[in-house]
Structure formats: C-alpha cells, structure tokens
Amino acid sequence: MKEIVYNYRVEFGDCDPARIVWFPNFFRWIDAASRHFFVECGVPRWEETEKTLGIIGTPVVDTHAKFVKTATYGDTLQFHVSIPEWRGKSFVQRYRVMRGEDLIMECDEVRIFAARREDNPEQIRAVVAPDSIRKLCE
Amino acid sequence: MKEIVYNYRVEFGDCDPARIVWFPNFFRWIDAASRHFFVECGVPRWEETEKTLGIIGTPVVDTHAKFVKTATYGDTLQFHVSIPEWRGKSFVQRYRVMRGEDLIMECDEVRIFAARREDNPEQIRAVVAPDSIRKLCE
Amino acid sequence: MKEIVYNYRVEFGDCDPARIVWFPNFFRWIDAASRHFFVECGVPRWEETEKTLGIIGTPVVDTHAKFVKTATYGDTLQFHVSIPEWRGKSFVQRYRVMRGEDLIMECDEVRIFAARREDNPEQIRAVVAPDSIRKLCE
Amino acid sequence: MKEIVYNYRVEFGDCDPARIVWFPNFFRWIDAASRHFFVECGVPRWEETEKTLGIIGTPVVDTHAKFVKTATYGDTLQFHVSIPEWRGKSFVQRYRVMRGEDLIMECDEVRIFAARREDNPEQIRAVVAPDSIRKLCE
C-alpha cells in the first residue's frame, strides 16, 4: 500500500487566540495532502481528468478525525497519506499527522470519484474508480 | 434540549473550482456555530471565562461529519446546534446543516472544556464542565 | 451613489494568537461585501452572467487597505460598500469598515469585469462594464 | 538588503469557481512569507520576543497589492521578501510573487512592531524597531 508524506509548517495565522492550530485548518491541509497523494502517484490534475475521464475531483462524503495533541506555529507536521480501502464507488483515504514522533491527529475519510450529472452539471454523482487511477494509487 | 440556529450565506470564495463549497469551510462555520450556541445560551466570551473559571475554550477532540448534498454560493444554510450528551470532561455537540428542507451535512463533535496546564501554559487539559455553564446550555 | 452595508460578526477562529483579527480575513469579508453589493443591486450571480454576458466575475487587480483599529471576536463590523469611480474596463470599489462609530479599516480596490479569453479559457481578460450591470450599481 | 524566498504550491481549495486563486489567499501566504523572512533572518518567534522585548508581532497597518497575472492550483509560487525601508516606528515589507519568470503579484506593506498597551493589554501600540531585530534583517 502506497504511503505518501505531505509536509506543512504551521503559520502564525493558522493559530487562534488559544495559540493552538484552529482545527478547521487541519482539514485545509488534509485536502492538500489528499491531492498531494494523487499528484505523487502520477494522477493528472482534475481539470485534465474532467476532459479525459469525466472526473472532476474526489469530494469527501464522510470524515472522522481525532485530535490527539495540539500543534502551534513553527511546528512542522508530516501528513502520512494512504488509501487502505477501495469500495465500489468510494474509497477510504487515511491520514496520520505526526510532529516527529508525536501523533497530532488522525483522520479517515470516505471520498468518491465525482462526475457531473448529465441532467444538471451543477450536481455531482459518484462513479466507479477508473482502473487507470486506481492502479497508480495502490 | 436547547437548539440554536446559526445562519450563514455561502460566498463565492467559499467554493472551489468544482463550484461547490470547499469542505474545510464547513468546519469554519461549524466552529462559529458552536461559539454562537454558547453566546445565545448566555455563556460569556472565553477571554472572560479564562479569568473567572480558567476555561479558555472548547477545543474539538473528535469530529465525525457526513456530507449529504452539495451547496454553492448564494445558498443560505441553517446550522441547527445542540448538545445531546454531557460526559464527565467532555460533551457531544451536534450540527444538522439544512438549506431549507434539504439536509446538506451533519456532524457530531466531542469537545472538552479546556484550561491551561499549570506546569506548561502552552498545553491544555480537559476539565469538568462548570455547572454554571452547563445550566445555561441544557 | 449607492452604498450598501454588509454586516459580519467576527468569530474566534478569525483571530490570531495576538487575539486580534488575522488581517487576511478582512479580505475574505471584503470579497463577500463586494459580491453582496452586486447582489443587493440586483446583479445576477456570475454563473448566470457567464451565460448571458460572458462575465465570470470581478477579480481584483489592485487593492490598497489601511488598518486603523484592531477588531476581535464578538465584534460586529459594518462594511460600507460603494463604487465611486467607473473607468473604461475597470472600476473602483470602496469599503469603509466600521464598528459602530469606530473606523476599523478602509480599502480601495480596482476591479475589472472579467471574461474568459477565447484563445485560452483558463486565462481572463477585462471587458467594458456592461451597461445593464452598471445601471444597477450607480 | 536581505532577500528571502518563500515557496508555496497553490492547492485546489485555494482556487475559486473561476478556477484561479481566490485573492484573499495571497494575503495568507504573504503573512506566512513575512514571518518566514523573520525566521530565516534569525528572529525568535513572537511568543519569545513578547517575553524578552515586549514585541507580540508585526501587524500590518497599510497594504497595497497589484495582481498582474492569475495563478491556479498546481502552480508553485516564489515570494521574494525584503524590507526596503525602515522608518521610526514602522517599516516597509515588500513582496514580489513570481511563478518562474512570470510576475504574478506584488505587494508593499507598512508594518509596525507591536507591543501591548499598558493601560489595556487588548490594545496594541507601535514601538521603535528593536536594534537587535533590525540588525538581523538588514
């Protein structure tokens, strides 16, 4: 199973008046880490896959996160990303966020491969993971 | 059980190139809705409770969200917030996010009442919910 | 000259470890206030104007902001928005941000009406403000 | 004059429905680049300078930005940061944001070194740049 690491240094503005990371920011970085995983695996950007495969992205349909230790600005975090499970039209993407030896947070997401609905392009629908993408990520 | 509604109108910049809300933004609004709940229940701002009760906020230790329908800019969302469960040093805060009749997403968080650690004020520890706060929120 | 007011209540997560609004957030709200101005003037959403007029939005090409007083969470801010100047392919959008009687910040932007370039739809070009839009905003 | 480069890769969620960077995000990265400049020059984090020098940060009092070319996700941007001018209680911090050879945006800020006001620690006041910090940054 492939594991890709995305690094992020926490900035002053990422922290709140309690001087710790404001938790919604973790999801910003998780989404960047998710994309980073696909980039590192060789998946083209969504704009291209929209043209070739109809795939416009991998929106999250379910996310479950545990916050174990706090982090603050100046910290460098390592997001360890993998896809431990492929389902029919969805997959689990997993993140373990470390600061060196310390576990900061962990998160399991269910994401889908999304295409535009033919009857209404503003709406999306889940499609089976294209083999070409899945092979790159396993 | 008290239920408070927080309203938010989705803005252009809240949406991503797929023209739907970029999901980390939901957690921005959920945190605002959480705070709004306490404000509406009459709980003072954390800066004051830090002085009177030692409480610096209610950080999230666990969050589980399901994204049911997409939203886009121009939509007005209603965040229905409640605290369905009080535990020893933590509590469950629940959000049902509606766009009129449509359920957009729902989220259950476990939060704690946090105080600074005496041996290291940069670290936080969970404390039992003060009665004065709990009574305001039930 | 039309003036529209956009209200925003500053949230905990909008503030940084110095316990004041992290300044990039002002630009989030200014962009929302800019959009709010057009909405209140009756201009349709950009998705519709893209179809009818080719206009995909009003990106900022120049912005100049002065930060006069700090704001913190719990504050309600009033963004007073107007368009004091129309130029050929651009216009000045002005914001005076008040907290009651206190001036918090002010900002003058130059924005354009943007259309996609025909030779490369990923690039944008400035177009003359459509009369139909300009009349709604004056 | 010292020049420090801060690198940032634009993420999917940094872009808006027009598929270009949502401009307030540039100010997020500029603030990170500002901080990065001080870190690279050897200035301690604000938490430490608050204890040793009373300095809690360098808030922006004036910013003027020009957006020259658009950027989108996948782009790597180089923020070239310098301090071209020291004034009594303020200084100019300059950013030239490049994507390789292309100028994307440029920004001149006036920032101050801020200390808490003695009569009201929630308010800040400008202080003369400490020699120890200035020497590190020239």
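The first chain written gets the first letter, and so on, giving A, B, C and D; residue counts start at 1 in each chain.
We take it that a residue touches a chain if its C-beta (ideal position, glycine included) is under 8 Å from a C-beta of that chain, and two chains touch if they have at least 3 such contacts.
None of the values given here were measured: they were computed from a predicted structure.
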Q | Chain pair with the higher count of C-beta pairs in contact (C-D, B-D) | A | C-D
**Q.** Contact-pair overlap exceeding half with B-C, pair selected from A-B, A-C or A-D
**A.** A-D
Q.
So the centre of each chain is just the mean of its C-alpha atoms; given that, what is the distance between chain B and chain D in Å?
A. 31
Q) Once you find the CA centre of chain C and the CA centre of chain D, what distance in Å lies between them? A) 22
Q. Among the residues of chain D, which are close enough to touch at least two other chains?
A. 12-13, 16-17, 19, 22, 24, 28, 31, 46-47, 57, 73
Q. What residues of chain A sit close enough to touch chain D in their complex?
A. 11-13, 19, 28, 31-32, 35, 39, 45-47, 57, 73-74
Q | Residue numbers on chain C that touch chain D, as the complex places them | A | 16-20, 22-25, 27-28, 30-31, 46-47, 56-57, 59-67, 70, 72, 114, 122-124
Q) Which residues of chain A touch chain C in their complex? A) 12-13, 15-17, 19, 22, 24, 73
